[in-house]
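In the two complexes below, chain A is the common chain; its partner is chain B in one and chain C in the other.
So, the complex of A and B:
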């Protein structure tokens, strides 16, 4: 687990209060009960945390936790580059 | 046609007076006020808050983060009431279960927080959860999800009469057979800086901040205003015949309901109490009873200068002087839209126990109040017929008539 994965898991548990035990790279946001509204919240949190732009609609609840981590990696220039 | 009778088969209470029905009843009977100086507000203000409520434990942290306290309190009170009624929500026919809850101010905490975010300059900082967290109707939506109640659901918003309106509305859903069970009551949690500042500017709050425990003193000659509170009260209602058929424990019967409007002023009560008189007379007529039948009144009794005298005159005029009158707001404070629901529950308990709780802090009864107001200590007396009255900003008035099972 790289620094982005680690930080993403912390955000999901600490800020969105997702059950830590349920978080895995393969699980979708939807299966963590993160609905379309909470996805909008999450996008804003990630923008601020990782200093990357995430336009509305880019993050979806069908994405897995791993997909989200990859998105941030791509935008920030590599795993853990900005953390 | 005989009066339409609805059984109260379950009660749930989460209020400043306690985390469940038993704690509430003990505290209300004791006549000890729950009021204290509120450390969370910028200006000295006396309030009654629910102590020790753990939303994370009750709803789970994930759901608790996405709900405001008025919803959280209601969910827990509703669960209590349903359990008390002996219903298993996994086994009932949810399509026949309705929800009617009173609320006025919704999730004001979210409004104030998100407005601050907006003023910070970035509209995107406004949470997408703002609307589902603050809208008043969301409480019936959340409780419906929690209980798998798929019949009609709604929130009644008649200000401080909302809880009473909810019980009356629920009774109509049972009468029309739209539902077989209705989870009814009220909730309020809006003790925010903005709301309290607004109440203060209206001049309705007690200014007795140096002695908060005696700030709310309904019907007392020295009363100087209300003490705002939070809380939730829920009743499970079923047609009496249905409740008897399933051998449910019937705690009391809702036998009459009346509602009326002052059509006078948005905040001040009509000086002759014509709205509350109309509502009370309608409730008695609905119950096919007369004023002299009423053993006990749980009055609205807010501790404001105007309400208590106007209400007392109407009670005297309609009921005569025999009824034992109390205002449990002396203990709980004024839980606004939840007040009528809390007081409906306390009225049921008074009937069940044959006990009329005292009006806390009532030292000297206002001479204009020509009623037998119970003070100092509870009064033991058979209560066969009881009334609960509510008045709200907007000129809303509502009254319920309860009878012993």
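So, the complex of A and C:
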């Protein structure tokens, strides 16, 4: 788990009240009971936390936790990027 | 000593007809739970045929005057985006019915942020010495502009009015207005709009299209904007008072949707228990939502003298704003009946349980 994966998991559990045990890179946001409004909220939190722009609609509930982490990695310049 | 506006009275007015989720669910062909799960709303009130925004404003205004122990003011500022008529403003008629004589009276249009904008206007009149007392009202009847078949809006909005009396005072007093933050972003004006009925459509010489007569709202984009703007504005107003977010006893947000209030609490990293809410019982009442939530807070004993309170709104325009004050000692009176000229309004605080 790199720094982004770890921070994403923390945000999901601490701020969005997702069950930590259910989080895995392969599970979709939808299967974590994250609906469309929570997806919007997650995008706002990630924008602030990682200082990356996430336009409306870029994050979807069909994405997996791993997809979200990759998206942030791509935008912020790789897994080693400081957050 | 600087002359500032001080909150001196508060009143609420709701129509007499409650509408439950089950009634709306039947109409929309959805499960009753759908509405409460997504919005936190269990009930809202709607006006009777022929009843208007002005009627509700009179009801709330009368109660606010009684709460302040006065029957005169120097000005009436009414926030609404559902006026009784396209022209003239609704406020002069409200002032007349309330027996306030020929005082200054006008409307402010800032959609769901209207009450905060009207408070700012009233506070300005007082600060500059143009008025010693101002009746500020937020009143809307969104049931008259929502498409009954649109579940995104018809399940959310309710009708209502809330009012406050401001008087001239000093900054050290309880109830004194301590800070203000206002903003707008017209580039996102399409997120919440009624396209028809205005000059843009009327100048074409053609009647408004059926769908253009209703409020349209782009839910997810509005959610994102509302959360960001209200979080930033509330923080800004607190900072202008020299308060940290932890110093604030109550945040009173526009009651748009319970999910938005939860999301703002998370953004600000604050417990949701510090966010006053009555949306479950009245729905989203647009410009009336903040004063109705405040009246509810007083009646339920949650708002107490000396507490630090930040009021924050967000609405079409886009517009947003915040108002910070120390809570005054005031009472919201017992229910009284039938205020409006249509005879159908009931003054309701006692039933905002």
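Here is the rule we go by: the second predicted complex is superposed on the first by the 82 of 83 C-alpha atoms of A that agree within 3 Å, B and C clash if a C-alpha of one lies under 4 Å from a C-alpha of the other, contacts with A are read in each partner's own complex, and residues count from 1 in each chain.
The rule is simple: a contact is a pair of C-beta atoms (placed from the backbone, for glycine too) under 8 Å apart; a residue touches a chain by one contact, two chains touch by 3 or more.
Everything quoted here is computed from the prediction, not taken from an experiment.
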item	value
Touching partner for A:44 - first (chain B), second (chain C), both, neither	both
Partner chain(s) touched by A:26 [first = chain B, second = chain C, both, neither]	neither
Contacts of A:18 with chain B and chain C, given as first, second, both or neither	first
Residues of chain A contacting chain B in one complex and chain C in the other	16, 37, 40-41, 44, 56
Parts of chain B lying in touch with chain A, wherever the complex brings them together	56, 61-62, 64-66, 124-125, 127-129, 132
Chain A - residues contacting chain C, complex	15-16, 36-37, 40-41, 43-45, 48, 56
Touching residues on chain C, where the partner in the complex is chain A	38, 220-221, 223-224, 227-228, 259, 263, 266-267
Touching residues (chain side chain A, partner chain B) in the complex	16-19, 33, 37-38, 40-41, 44, 56
